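There are two complexes below, and they share subunit A, which is joined by subunit B in the first and by subunit C in the second.
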Partner chain A sequence: MSQAPERTNLGHYALVVVLALLATGPVYIMLMTSFKNQVDMFSRVPLWIFAPTLDNYSVVLFDKKFDRYLFNSLFVAIISTLITLALAGSAAYAIARKDFWGRGLVSYGNLMIRMVPPAVIAVPVFALWSRWGFSGRFEELWGLTLFYTALNLPFAIWLLFSFVKQIPEDLEEAAIVDGATPFQVFRLVIFPLMKSGYAVAAIFTFRIAWNEFLLALFLTGRKARTLPVAIQGFLTDEGVEWGRIMAMGTLIVIPSLVITFFAARQIITGLTTGAVKG
Partner chain B sequence: MKSLRAALSEGLIAYAFLAPALLILVIGLVYPLFTTVQMSFLDYQMGTPWESREWVGIRWFEKLWSDPNVWKSFWVTLRYGFWVVLIEMIVGTGLALALERAIRGASFFRTALIMPLMVSPIVVGLIWRYLFDARTGMINHYLGAWFGIDPVPWLADPHIALTSLIITDVWQWTPFIFIIVLAGLQAIPKEVIEASTIDGANWWQMTFLVKLPMIKSVLIVALLMRIVDVYKVVEVVFILTEGGPGLETELLALHVYKTAFLSQNLGYASAISMLLLAIVTVLSLFVLSFSNPMKTKSDF
Partner chain C sequence: MGSVTFKQLRKSYGTVEVLHGIDFKIEEGEFCILVGASGCGKSTLLRMLAGLESVTSGEILINDKVVNDVRPKQRDIAMVFQSYALYPHMTVAQNMGFSLRLAGVPKPEIARRVGEAAGIIGLTEFLDRQPKALSGGQRQRVAMGRAIVRDPQVFLFDEPLSNLDAKLRVQMRAEIRTLQQRLGTTTAYVTHDQVEAMTMADRIVVMDAGIVQQQGAPLDLYDKPANRFVAGFIGSPSMNFLDAEVVEGGLRLASGHMIARPVQDVGRKVTFGIRPEHVEVGEGGAEATVDVVEPLGHETLVQLTYGDAPLTLLSRDRLSLKPGDVVPVRMDNPVHHLFDPDSGELI
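Right after this comes the complex of A and B.
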């Protein structure tokens, strides 16, 4: 029986191109709009070819506060990613390899807690925020870091768990026979073999923390404001400053685009773990 | 059999490995969730000191039960969820089946498809708000120029606003289904496909009797994960419509958020959170009954 796929291949490739354009089009339009001047932006017919200008970027970048927003976003995203990875790896190892009382509870609890909507967390966190006395720029940034770490840990643990599972147990047993302590086993045997897992976990953790909006909007004062909160400030009642929004949107999306181009394989691993391998 | 002593020491070591992560999870997630339960029985307004709280028993739950706005937003969430999940599952799965062979090696396509998933939700909301804009938006312009359709008030018309949100969600999340289903299809052993080809299976038989049944669990997990995600959506709607016009696009999670931060009623917002948590918990139990990747034989 012939499946005769060859004849339809041209149609397939056309479909692939159309889909790729649909997926990237809106992002491309943002990029394009960010280089338009006021006149071109409100031209009656959308302009695809125009004289690009950096005006929008200079307004956004030379706003005195941009570097502060950028710093704040980098701070919470990088530090919470580092802490998440540091804690999730050993926790995943314990759940995957050790027998202990409460193991089932921990693994189920971890998966359940992943499903909690962030909006539900935002409400009590807001109430706790003032009771715990987070105020001032760096206290707020550390506070956000704490909650981003907590929000990211369940997914990171779950992801790294599946990577630990793939490591043959013989390797650990050999190390134990050679007299390695449990911590040496983790540090010298497991950890080096999980590097690709850490890379995947880092991408997803960074993405969540870098993009997070709900908690940041109401928890941070002016000084600890992050980029996603700042961009929303351009949606004013007097009018929407699309040029600046698109310029800042492009700047916010840059890390994600870089990751998408250079780590597509890792992203796909992260998206499919559990659904496919589970 | 391990000796008791070995088992004890293994347990202690496990706790040592777990403790730092558990500590953060308890402070940052479990304790806040506990506070939600507590606040759902309190009259506590935003901006007032914690000492001013008052115990009100189940008053918020009574209010919730008879609050048309809560049920309205629950209904909006169900409709939104039904359409986005249905469309994304069918389109995502269909495309994965159609393109499984064609995109071998087409890594540019893979990269292009991941893009909507990686863009920050806030930025997704802003881009689509720009595209949907009734007067200057590109969508209306090209609908008019190519099809002669009058400008559509995408985000302002109560009958259309939810559809606009659904379009945005489908744009963002169909790639997710596509990628998962594709990975599932590629994990089907070659022998199975070869054997059914030899047996003379045609395309339809191959798809509906061989491939789809073999990735059934992948489809179910993807479906359930998307349903759970629907109850998390806030940012995109917040930017596109803020729940309006009226309450036509007020998804449940957004309703919680607005009750807490705009109406400033943290007690009532907590009670609605409990409803949301109950729904998500039931859904999660379904997910876990189909796939618990962290389960091992020693689980109890």
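Right after this comes the complex of A and C.
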């Protein structure tokens, strides 16, 4: 009897190790490849020990266009995240607390929109894009920002909704009796208590906007290209420049990692909210 | 200080009416307790007074001014919630000063009034703490401090002691009462605990099923209940109720035992009510079987079966009884009540 739990633990550990390898393996290969030259990269036997080179990074970073791609990516990711959070917070609060006509439809519709994969909406979005006639770098960036906001809103609303639900209604009523206007109730009581929710939503929406490839590829011209699309530029007629693709990939991961590490504690709180009673 | 008047107050949710015409007045400086079982409408009534629920019909007056459509902040009331509803992201001082901050009171004035209120409730050294770093009793005090700091016309308390343990509840009961007497602020206090009501109130309003069953001073309700509901609700342990019939020369209980009391209408069925402390073990009584004996030290509580009915006896003596004993019980104490078995009204 006493042996059984240990066997289960071993199985669990083995599973965890396999999953961890599956998750980190590609990242490891990307990182290592980014430091390899063309010869080491294509060696018949995978090389564990090699002379690292920063050539790939210097090509990527000193390309004049890299700054532009970086700015474009930061622009759409940060602005769409800010707009998404502002809209999602108030929408989540309204759906959770206010009684209005069509509330059920809005909340269920919201969940249903969430189920549609982004690739499915690529064609209709392209049709809209053509009709509205976005052109020029900043028009296209704003357009992309708008679509990312629309893409991220349902999830952000759904996430923040569960945070609002956790806040006891007594607090709002106490604030009302204390003399707060509805806006003050939100700003002074609800908003500070939803901060961790906002942090979680910010990370998710930033990462989706930051990494998005398909819509950005379809919709943007040369000047409004974002980093994930720019990688495609390394698929040339002369061949695939794997080293540079991997270097760019590694660079793209860094901002997401930094944000995630900074907000790790908030994320953990967010993912476990409601997990225990009280 | 202000007075509060309810006039023919009704509340409906859709087609369901939960308050059926409430009429009573809380005088200036009075400590009035609304008591009743869960779902009787007492909290709804308090929330309507606070402005958190709309009025379906009738009127609520504070200081003779109708406040039906006045927003909560303009009613000059302060409320203590069952959950305390302290803002978790603010310190004790910020919690207490929140209403003043919203009202645009200058910071030094807020600090002075918060300091003063903290002194009254004994929380001066905790002003910089957050609610999560306080015990249940301290949180309760902060909630009261938040009410005191506003110096309102009326204090509203919604079951403020139900989250505390028994010992702390007794202590806080006394503290709230002392505080109210010291400040003299009109108070509406909701509870389901009749002991709280009896020990704290100047006046008790007993509610059931959305109507006021009876109101009056605690001992008046205890001694002269208007109906069977109030008789059973006020007093712990509850009053005993036994079926009886009016016969020549008195009442005959269902068990056959006679109670000498002149009553009119021979043949009428009645409900005989007697408090546990007026039932005694003694020669000449009817036989009852002991079910449970609960020695409380200063008194003994005995649960019996009398005929088919349960009967509770409370004695100051240390009775040496054990379950299964058959004892004679006397119920001829002149302090008893008769109720109509159908309407429940006092005869």
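Convention: the second predicted complex is superposed on the first by the 236 of 278 C-alpha atoms of A that agree within 3 Å, B and C clash if a C-alpha of one lies under 4 Å from a C-alpha of the other, contacts with A are read in each partner's own complex, and residues count from 1 in each chain.
Keep in mind that, in the parts below, a residue touches a chain if its C-beta (ideal position, glycine included) is under 8 Å from a C-beta of that chain, and two chains touch if they have at least 3 such contacts.
For clarity, every value in this text was computed on a predicted model and none was experimentally measured.
Undergrad: Output check: A:252 vs subunit B and subunit C. Expected answer is one of first, second, both, neither. What do you get?
TA: In the superposition, A:252 touches subunit B alone.
Undergrad: With the two structures laid over each other on chain A, which partner does A:184 touch: subunit B (first), subunit C (second), both, or neither?
TA: Touch partner of A:184: subunit C, not subunit B.
Undergrad: With both complexes overlaid on chain A, does A:170 touch subunit B (first), subunit C (second), both or neither?
TA: After superposition on chain A, A:170 lies in contact with subunit C alone.
Undergrad: If you stack the two complexes on chain A, which partner ends up touching A:193: first (subunit B), second (subunit C), both, or neither?
TA: second
Undergrad: Could you figure out whether subunit B or subunit C reaches more residues of subunit A?
TA: On the superposition, B touches more of the residues of subunit A.
Undergrad: Using the touch definition from the top, say if A:112 reaches subunit B (first), subunit C (second), both or neither.
TA: In the superposed model, A:112 contacts subunit B only, not subunit C.
Undergrad: Once the structures are superposed on A, label A:129 by its partner contacts, choosing first (subunit B), second (subunit C), both or neither.
TA: After superposing on A, A:129 lies clear of both subunit B and subunit C.
Undergrad: Who does A:30 touch here: subunit B (first), subunit C (second), both, or neither?
TA: First partner only.
Undergrad: Please work out whether A:69 is in contact with subunit B alone, subunit C alone, both, or neither, and reply first, second, both or neither.
TA: neither
Undergrad: In the superposed arrangement, what residues of subunit A touch both subunit B and subunit C?
TA: Subunit A residues touching both partners: none found.
Undergrad: Okay, in this complex, where on subunit B does subunit A touch?
TA: Within the complex, subunit B contacts subunit A at residues 2, 7, 10-11, 13-15, 17-18, 20-22, 24-25, 27-33, 35-36, 39, 44, 46, 50, 95, 98-99, 101-103, 106-124, 126-131, 136, 138, 141-142, 145, 171, 175-176, 179-180, 183-184, 187, 197, 200-203, 206, 217-218, 221-222, 225, 228, 231-232, 234-235, 238-239, 253-254, 256-257, 260-261, 266, 269-270, 273, 276-277, 280-281, 283-284, 287-288, 291-296, 298-300.
Undergrad: Flag every residue of subunit A that touches subunit B in the complex, lowest number first.
TA: 1, 3, 5, 9, 12-13, 15-16, 19-20, 22-24, 26-27, 29-30, 33, 41-42, 45-46, 83, 86-88, 90-91, 93-96, 98-101, 103-104, 106-108, 110-113, 115-128, 130-131, 146-147, 149-151, 153-154, 157-158, 161-162, 182, 186, 207, 210-211, 213-214, 218, 228, 231-232, 235, 240, 242, 245-246, 249, 252-253, 256-257, 259-261, 264, 267-268, 271-278
Undergrad: For subunit A, which residues are in contact with subunit C within the complex?
TA: Residues in contact with subunit C: 168, 170-171, 173-180, 184, 188-189, 192-193.
Undergrad: Using the touch definition up top, name the residues of subunit C that touch subunit A in the complex.
TA: Its residues touching subunit A are 50-52, 72-73, 77-79, 81-83, 85, 87-89, 98-99, 102-103, 146.
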